[in-house]
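In structure tokens below, several structures.
Both of the next two complexes hold chain A, though its partner changes from chain B to chain C.
For the complex of A and B:
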């Protein structure tokens, strides 16, 4: 199936989310556009401060105001602009159609209620079923995410669950309403690698079972993207720098930043390098973004115009977008 | 000096022998001792001068406790930690009194995981780096100390002028550089690095790893590199020890361990590491069932047997010991060794 035949589930158009901090404006998300199709895993990857989490919170309309506000843009979900909805309408979308799991499952679960209570509460709020039905559904969900003896474990409190089990419970909760879009914000960052492998496998398994659900996976870990996503967007300085199919991105990264990120990773499966390649300098602060390309100051091939003019996100080859003056799809823009 | 240093190899800097670190748990009305956490339960390894030993394992496996035990930030319950000092003396760190431990601490320093909480926010970076100097060389003149601080800052890729600034003015990667400069101030022989790059951004991690390798070469440093990120550990280490629930299950040269892991836990751990290459045909992933048991209720015999795909009834009986499978390569699993 070619990309154009598939249905667009979520369309972000020029989203801008700003924060007012000490009289100045921090442009955390500054003109972000991308599409997520049905039944795809879309990765949003970036370092701290790149704006990836603010993007996901904007989609859920969970930006604290003040100091934050969605300045402009559109967030179309199944054709409807979420920014036009009232708070009550938005609350129905959350959980029912779009649900979210967070990095730290301990802080996202209420410690004074049982896992079962919290699962049933969500199910009953969104589907108005009886208590017994909600209990059955909750049991079924815990079973689906691989928690043994689910009916008994519903009576447990969050502290009685381990980190991996809490994340499973969060996934159960997020999926209990069969949402069209699951937003997973660094879902495995707080977990050990063997548990991370279990959770990633679980997320992909659940996607198969639920049919056409899509996942927006937000992470800083390129290896996690490589193993789970179909397409990926790389963020830096509040802007998308590159969008690509995953395989193409790892094979021939276009943007100098993506190239630098990939070559700075140690690769135990390959011949050992004595030294890692590094990206010089540090991530610019969102309080003082340079006017031109956000990566120019750290880019080894930057030209004077890069510091002056912000490049556009251009389609270089079909389905591959890159925000760089020098990338032309014919080998231009090789930095590392 | 210790009496039994006779078999302490000339080419050994640190010799950890059957170390146990147990934490008591108190409970009940009178806070009686009701149990203990066996965080480190009989660990032995050696480190040669100038090498990096990676210590890996999942949370709760005891790797951080082991590192802290070496510089006695936690009390060691049992065992010996032999260390060769600059003057050639071999001391057992476990038996040392506080006073006697102090000069040894100048020779073993530590770098911490969180560059945000391991630097005092009210002190200038210069004061932070100068503190170990004023503790260990109290006679040093002020001017000389300032000179040292500026020199150290430049060694870690910062500038001498930045000595007057405060930690909040630095980024995470720069703070970790400050932490490294502080650790190097006393010219240690050995540095214990506890997850030194895991709090840093991907593009910054490589900078700090390269810096640590440069400094190792320049000063002949020996690292005990504690981390959960296997790719980074494989890159920086000469040898790697894998810990599980307070024990080392496998130890060997980094490359061998990565290419031909023997212990079922090492194999599972490595197969769980995601690789940044989607075109790679990876071998069947060994997804382990369940989770690490609580160290409070450690299984009898082999601690890994509850999750091990090879477990047999005999595994419950005896704690397996490390046995050599090749030069410098030891594994604690009689089942794999028997099956070959």
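For the complex of A and C:
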């Protein structure tokens, strides 16, 4: 299916989210643009501090203010700019049209209320249904995420659930209103490796049964991206560095940073004796980003102009974007 | 859970005995016991008559001292004396019967010869009256203030009220009461609005008997006002800051973000989700605070001349009135121990994560 046939669900245009810290401005998200289509799983990859979580919280307009603020840009959801909405209108979107799963299932649920209470609360707030109807819906959702004996487990408190079960409950909560977009912010990072795959699979399965939400999956784990995503954006230094179909990204990564990320993955087909590649250097401080390419200082192929001029995010081949001076479209592969 | 509380209750007698023995031991060891008090009294009387010439002649005859010692049971060793007081050793003055705390016999006051238990039970309600009103007033002031400070963290209001909190922290309740009485109970600045201490006015009981209910209530409130401010000042700083910090912590918690992400309105997130969690540390302090308040504040009751348990304890210590000191102690310790268990029960009630085993 050609991409243009599909409907755009979410369009981010030049989103800038800044934080004022001790009199200076940290540009956590600095001009991010991407689209998410209906029914797609879109991955947002980057290391800690790259701005991926702030991007997701900006979409929900959950940036704590102060110190944070959405400086400029557009977040169009089904054509409507979320940044134009009043707080009351935004509340109707949250948890209803766009919902979110967080990284820490241990702390993301309120310890003093039962799972059932917390599930019903959102359902009742959005659908104005009776307590019994909300209870039925909550039971149904808990059943859907594979928690046995759901009606009884609704009466349990979060501490009576294991980490994986809490994340299941979070998924149930997030999908209970059949949202159009589900934002999953590192949903499996805090879980056991054995549980991670289960949770991802469950997330994909349950969303099929509840209105086919698009998913914005935020992760630092490329393996998770490879398994679940249709398209992926790579973030670095508060900017998108590369956007691509997942298969193409893994086959021929364009941006030097993406290449670095991929070659640092352990691979069974490689010789075991060789050490894993690493990207030298550290992420530049968010308070003092270099004026040119954010990755220049760590880039193996950087030229003098890379440190001076910020490259644009250019469409290299249809649907494939890269922010690098040294990548051109000809040849499709390692262009430099 | 039940077995935990049963064990806690079974521990009460042991703790009780440790505390009371320690106090009995220290009390008996401290100089200025009843014999010296008696000696001083005699000296005052004789000294008045005989002029400054006397001195060493005023020493009591040894026989009298021995008699006094036997009367006050000071001839017994401290552990023995303690056991008699407790009622686990026979009391030869009462025909070798066991008669002590265990049997409900608190003894008689050395100073007034009244039965200790009667004195205490007549004064206890007064301490409860001030203690409970004081405690609820503290909640009424501190919880809303703490919430407002947390919601307006680092605002003008927060900074300004922090100065009041500082002031409250540095001024003890009884000093605050003293200053207030100086200002509003005397002609110092021409605002003689409140009585200079006391529980009620002189003729209160007569007025009550006459059916002047309205006058009685007004008089009671009139006497209550300044001491209650003292009580509130006592817990004001700690409780306000505890409330503020606790709420501030919880407002930054992950589950608050989850609640916002669900689309709940801010009021619901703050006052249901965050506040419920922030009340936990405050609720836990209930038992402790109730214990302190009910047993009466020694200094506040002294300054405001409130005839409660605190003032009784204060006077009995000054007068070395051993049975009364011990009697007040028994009450204070029991309230405190029960209060601690109450704290645990409240904690188990408000925090579902708490499981005692």
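Operating definition for what follows: the second predicted complex is superposed on the first by the 323 of 336 C-alpha atoms of A that agree within 3 Å, B and C clash if a C-alpha of one lies under 4 Å from a C-alpha of the other, contacts with A are read in each partner's own complex, and residues count from 1 in each chain.
Simple rule for what comes next: a residue touches a chain if its C-beta (ideal position, glycine included) is under 8 Å from a C-beta of that chain, and two chains touch if they have at least 3 such contacts.
Keep in mind it's a predicted model, so treat the numbers as computed, not measured.
J.: With the two structures laid over each other on chain A, which partner does A:238 touch: chain B (first), chain C (second), both, or neither?
T.: In the superposition, A:238 touches no partner, neither chain B nor chain C.
J.: Applying the touch criterion given at the start, work out whether A:109 contacts chain B, chain C, both or neither, answering first, second, both or neither.
T.: second
J.: So, does A:269 touch the first partner chain B, the second partner chain C, both, or neither?
T.: first
J.: Which partner, once the models are overlaid, touches more of chain A's residues, chain C or chain B?
T.: The larger set of chain A residues in touch belongs to B.
J.: With the two structures laid over each other on chain A, which partner does A:221 touch: chain B (first), chain C (second), both, or neither?
T.: first
J.: Which residues of chain C touch chain A in their complex?
T.: Spelled out, the residues of chain C in touch with chain A are 253-255, 257-266, 273, 276-277, 280, 350-353.
J.: Per the contact definition, I'd like the list of chain A residues that touch chain B in the complex.
T.: 47-48, 162, 164-165, 192-198, 200-201, 220-227, 246-247, 250-251, 260-262, 264-269, 272-273, 275-280, 282-283
J.: Write out the stretch or stretches of chain B touching chain A in their complex.
T.: Interface residues on the chain B side: 58-59, 171-174, 201-207, 209-210, 213, 228, 230-232, 234-235, 255, 258, 268-269, 271-280, 285, 287-288, 291-292.
J.: Please output the residues of chain A touching chain C within their complex, sorted ascending.
T.: Going by the criterion above, the answer is residues 60, 62, 87, 91-96, 99-100, 102, 104, 107-114, 121-122, 125-126, 157, 159, 170, 173.
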